[in-house]
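Everything below concerns the one structure shown next.
Chains here go by letter, A, B, C, D, E and F, matching the order in which they are written, and residues are numbered from 1 within each.
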Amino acid sequence: MDMSGLLKANLLNPIALSFALGIVARLIRSEFSLPKDIYTGISVYLLFALGLKGGVELADASFASILKPAGMTILLGVITPLSAYGTLRYLGKFSISDSAGIAAHYGSVSAVTFVAAGNFMTAMAQANPAIPPVEGFMPTLLALLESPGIHIALAIGAIKTARPEQNIKHVLHEVLTARTMVLLVGGLIIGALMGHKNWEVVQPFYDSKGAIFRGVLCIFLLEMGVLAGARLGDLRKVGPFLFVFAIAWPVVHGCLGAWLGTLAGLSVGGATVLGTMAASASYIAAPPAVRVTLPDANPTLYLTSALAITFPFNVLFGIPLYFRAAQWAAGM
Amino acid sequence: MMSASPLGTTLQLVTIIAEPVLEEQLTRELRSLGARGFSVSEGRGQGSRGIRASDFGGAHVRLECVVSAASAHAIMDHMAAHYFAHYAVIAWVSEVHVLRGEKYA
Amino acid sequence: MDMSGLLKANLLNPIALSFALGIVARLIRSEFSLPKDIYTGISVYLLFALGLKGGVELADASFASILKPAGMTILLGVITPLSAYGTLRYLGKFSISDSAGIAAHYGSVSAVTFVAAGNFMTAMAQANPAIPPVEGFMPTLLALLESPGIHIALAIGAIKTARPEQNIKHVLHEVLTARTMVLLVGGLIIGALMGHKNWEVVQPFYDSKGAIFRGVLCIFLLEMGVLAGARLGDLRKVGPFLFVFAIAWPVVHGCLGAWLGTLAGLSVGGATVLGTMAASASYIAAPPAVRVTLPDANPTLYLTSALAITFPFNVLFGIPLYFRAAQWAAGM
Amino acid sequence: MMSASPLGTTLQLVTIIAEPVLEEQLTRELRSLGARGFSVSEGRGQGSRGIRASDFGGAHVRLECVVSAASAHAIMDHMAAHYFAHYAVIAWVSEVHVLRGEKYA
Amino acid sequence: MMSASPLGTTLQLVTIIAEPVLEEQLTRELRSLGARGFSVSEGRGQGSRGIRASDFGGAHVRLECVVSAASAHAIMDHMAAHYFAHYAVIAWVSEVHVLRGEKYA
Amino acid sequence: MDMSGLLKANLLNPIALSFALGIVARLIRSEFSLPKDIYTGISVYLLFALGLKGGVELADASFASILKPAGMTILLGVITPLSAYGTLRYLGKFSISDSAGIAAHYGSVSAVTFVAAGNFMTAMAQANPAIPPVEGFMPTLLALLESPGIHIALAIGAIKTARPEQNIKHVLHEVLTARTMVLLVGGLIIGALMGHKNWEVVQPFYDSKGAIFRGVLCIFLLEMGVLAGARLGDLRKVGPFLFVFAIAWPVVHGCLGAWLGTLAGLSVGGATVLGTMAASASYIAAPPAVRVTLPDANPTLYLTSALAITFPFNVLFGIPLYFRAAQWAAGM
């Protein structure tokens, strides 16, 4: 499949279409939105499901097979916040707080983008039997990439702005024990402990390739679309540099991640997903942490770039691109 | 600090509307500034600042505490010094009458 | 099956029984009720599911096959508010505002009643292989019938009471972009775009004939029963004319709809569903629109008749009747 | 319009409890009557009117805005003229003290 | 009982924060003590008492009613007599101005 | 399987693991918790599902086969509040209000513990074909055991503290019409009326052995773990007597229930589930009823013992024990 075929397949996916519907709903000034508690409840389900399945497959994986990908993931968790901070601070001339705040978002990862990449690879593998399934331990890497970037970026911000340390420690603890971490890491452990027999009993409910997970995901993306659409009005406020950054930075780091993933021995699908993770920006864990520790960082900048530019870009266009990069890296 | 009224002791009710991420730290600080208790509810709003961080729809928390006039002063000064500049926050004080006034001041 | 057999089959359906349970719960003064956000979340799911499936099947339908039924649906969307307004204003001597307010409800449609009719026809078709399945494009007709009736009735009210126009425009926009429309029309478009392959992936979750959709529907109807039960106490307040109207008007327009549907070439099942749509009264989109534009219309009248009389009547007794009418119209 | 108090400027807090369908239009009108911001929360209630439209359980919205006395007057008059007759609505005004009073009046 | 003010009649706003299990009985009692209506919202809080029954996270209900001064007295006395000892409850009274004062007192 | 094998199988179950995760989340001071409305929504689903399935199977059961187990259940509903009250009041020297309040909890039943016992027996029956499936009418017994214990304990409290009667009547009505009763009893009736054919249509959604029910149950137990974990800090406050009571009383009454169930002709699985019911303590219906009628009973005592001691004990260790007791009673 050539690039335009990949793009089309990705865009006609119900997940991308649901996201688009949410944006459109907001553009026509509909008052539609999912109740907040439903949105939270769905995110609990999605994250726990990811963790459980990842755990079941983690129990099957050899330590050796994970070691290199895990190391590469942590490396990305260190590179991405530094590169984002440097680019914004020294090329973009943003303030320390703004640079560190945005870097915390891009140094972390968006679980929904991760899921969209997995979905894309499932469709690719179905269309082309030569493509192997994505490694089952990828959710472990997702958990690994979640928090280091936030910690590093906030530490930079705290050091450079010389702010009191106590608050920071409190916030770092919150990042480490946030919903995402509890569900993902907890799910991984439960999945690893419970074994295949117990997994089979709940698999139709939790399997990320199943109808329930994907159906629920559509509703989640519908609301994500509404949230992203609500920020479109702020696009003008982010300025040309950040706008370009929010697309170019993911492209560069998505390809980098895909390449590093390939080096670490991941399959083309695994490398695509790792690249997508690197390219994605957190909009759940990072914002409150940044808000509390860097109050003078402008929320419009980090929320709009992460949610209204980078997220849609990755889900709609980035993933096929990182797949291409992974194919290229694998010499296919 | 307290004065008696036909409806009980006269105290101050401090109402603070703030970004949700601040709830925990604000309630900690209220305690340390003399509040013996507080009540919290959720809502949404608009002010001069368009955006609110860490939430996607303008949600806020509303904290109420019944305190002595001295504490009310301290809380308002604290809010002005630490929150008004950077955060979407509003705070006001009003006079209320309670029974068992010694419990709250 | 004779009429009493049809009725019994309909009443012993878990959907009708769940509705009855909700009513009973309220009658015994139980405090049970579904949290509002759950209720909203379920309605999002149900409407989106209807739209998606309708869209997938719409993509298969020829333009010619839909044209006539669609035209007939729009005709019903014009007839029903006018006939309801006329009956209430000139026979029932209701005020302009009350007449227009109630007409806005009966001129629109209840999605749950629509689903109940579809369910009924699925059961009929299972019991009798001679009955063909209902046309897959019916959700398209549902979307078509949703708003014209509200618009027409509110326009009548606005003209006759000579109220300021600005507010009306705002409200009409709200009706057109309400949750129901976004999900139904959006779902139709997504369904039509995504194609069968993508549909199959999520079908067990979204299919209105599947266990999940129907199971969730039972919980939704349980709460509808609680809401309807809460209005039973107001039955005395609606007066004898409106009480009779709330049953007789649906019977007349249900049979009319079934007949017009048959004329338009719909199968007996499709005609039954179209009749049910005509006979049903909106209680989601219409009430807020009426409340804002016609403040002196009495909410007790329109809410109680739509929710506590017409809705139960249709779900429990009306649907089998409209089915009979459709059979009769088809000369069976 | 404003007077200084030991706890800051004295302003008026207008609280409106109304049917949810009115929220959007009320907040628009509050803005035009001088409110620089407002806060909204949700609740339920009972009054003389039994039924509430467009909701099935007596839900309401509670709007609060801190304004000058002149605006408070204007808002109350507006409520009386346009809402009290047909809608389930209650509104009251109380005195509050704020810092940065010029931001709200 | 009522006095006129430039912003309308002066009445009393009684605010009660209480455990959710008490809502039904409290609203019944408010009615019988002269409240013509009331508004309820939900929240959470902390006070001297750590635990709250029948809920697992410190949730509470917040009742507000605009009443005459006499009713306000009666309500506060009733609260003190029947609730303060055993329940996690706080109640306060403040002065408010309403239009249509006769509707509430 | 020996006792340690049973325990291990029970502890590595995703349901027990999810519960443990919730406790751990709270111990590491995570802010994670399920939105309250989601929690309520899930409990509606679980209870209604239990009722429906129980009803379908109740319709199949002969009156004779249920009579003895039902009688035995009611007997347990009388014995358990009395024995709990006596133990606490006369051995433990608790006040009348505290004794009656705690007895109301232990005299009633925890539906989630009931489900966990059913789950455990399903796993046992799968591992060992000699173990017959649990009787399908067990949810009927659950409904029978729900309220008598609360009524008896509150009556004792009311009589002994000589409090006004009116309030009590109001509260007893509330207990009888509470969510649990409406859903369980209502579900039983609907299930019995709708018949197998209608059941099959919704079975994948509602079946307590299905993936959806069990998957949702995991999320529910995750939150139960959070709630129980939040009470662990109060363990010191309950004192040594109540701590021992909260484990020893369930052991005694769980074994008693298993034995009485066997006498009443229940299978080993049915007897295990009945024993578990007797051993379990309500934490949904009982607390508000006790709070309103016995305001001077200390909520810390009854909530902490029921939720933070007895519930985890039963789910993690008690159930395999009552199974052993039932095997012993059946002479296996």
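Criterion: a residue touches a chain if its C-beta (ideal position, glycine included) is under 8 Å from a C-beta of that chain, and two chains touch if they have at least 3 such contacts.
Just so it is clear, the model here is predicted, and its values are computed rather than measured.
Listed by label, the chains touching chain D and chain E alike are B. Comparing the centres of all chains, each the average of its CA atoms, the largest separation from chain F belongs to D. In this structure chain A contacts its sequence twin chain F using mostly different residue numbers, the overlap staying below half. Distance from chain C peaks, on a Cα-centroid basis, for B. Once the centre of each chain is set as its mean CA position, chain C and chain F turn out to be 41 Å apart. With each centre defined as the average position of its C-alpha atoms, the distance from chain A to chain D rounds to 42 Å. Averaged C-alpha coordinates put the centre of chain B at 19 Å from the centre of chain E.
With touch defined as above, residues shared between interfaces to two or more other chains in chain D number as follows: 41-42, 62, 94-95. Among the residues of chain A, those touching two or more other chains are numbered 35-38, 41, 212. If you check each pair of chains against the touch rule, the ones that pass are A-B, A-C, A-F, B-D, B-E, C-D, C-F, D-E, E-F. Residues 19, 21-22, 25, 50-54, 56-57, 59, 86-87 of chain D are the ones that touch chain C when the two sit in their complex. Note for the complex: chain A touches chain B at residues 33, 36, 167, 227, 230, 234, 287-288, 290-292, 295-296, 299-300, 303, 307. Those residues of chain F whose C-beta lies close enough to touch chain C in the complex are 35-38, 40-41, 44-45, 48, 52, 173-174, 177-179, 181-183, 186, 189-190, 193-195, 198-199, 201-206, 212.
On the chain E side of its complex with chain D, the touching residues are 6-8, 11, 13, 27, 36-42, 62, 66, 94-100, 103-104.
Taken together, the chain A residues at the contact with chain C in this complex read 12-14, 17-18, 21, 24-25, 28-32, 34-38, 41, 211-212, 214-216, 218-219, 222.
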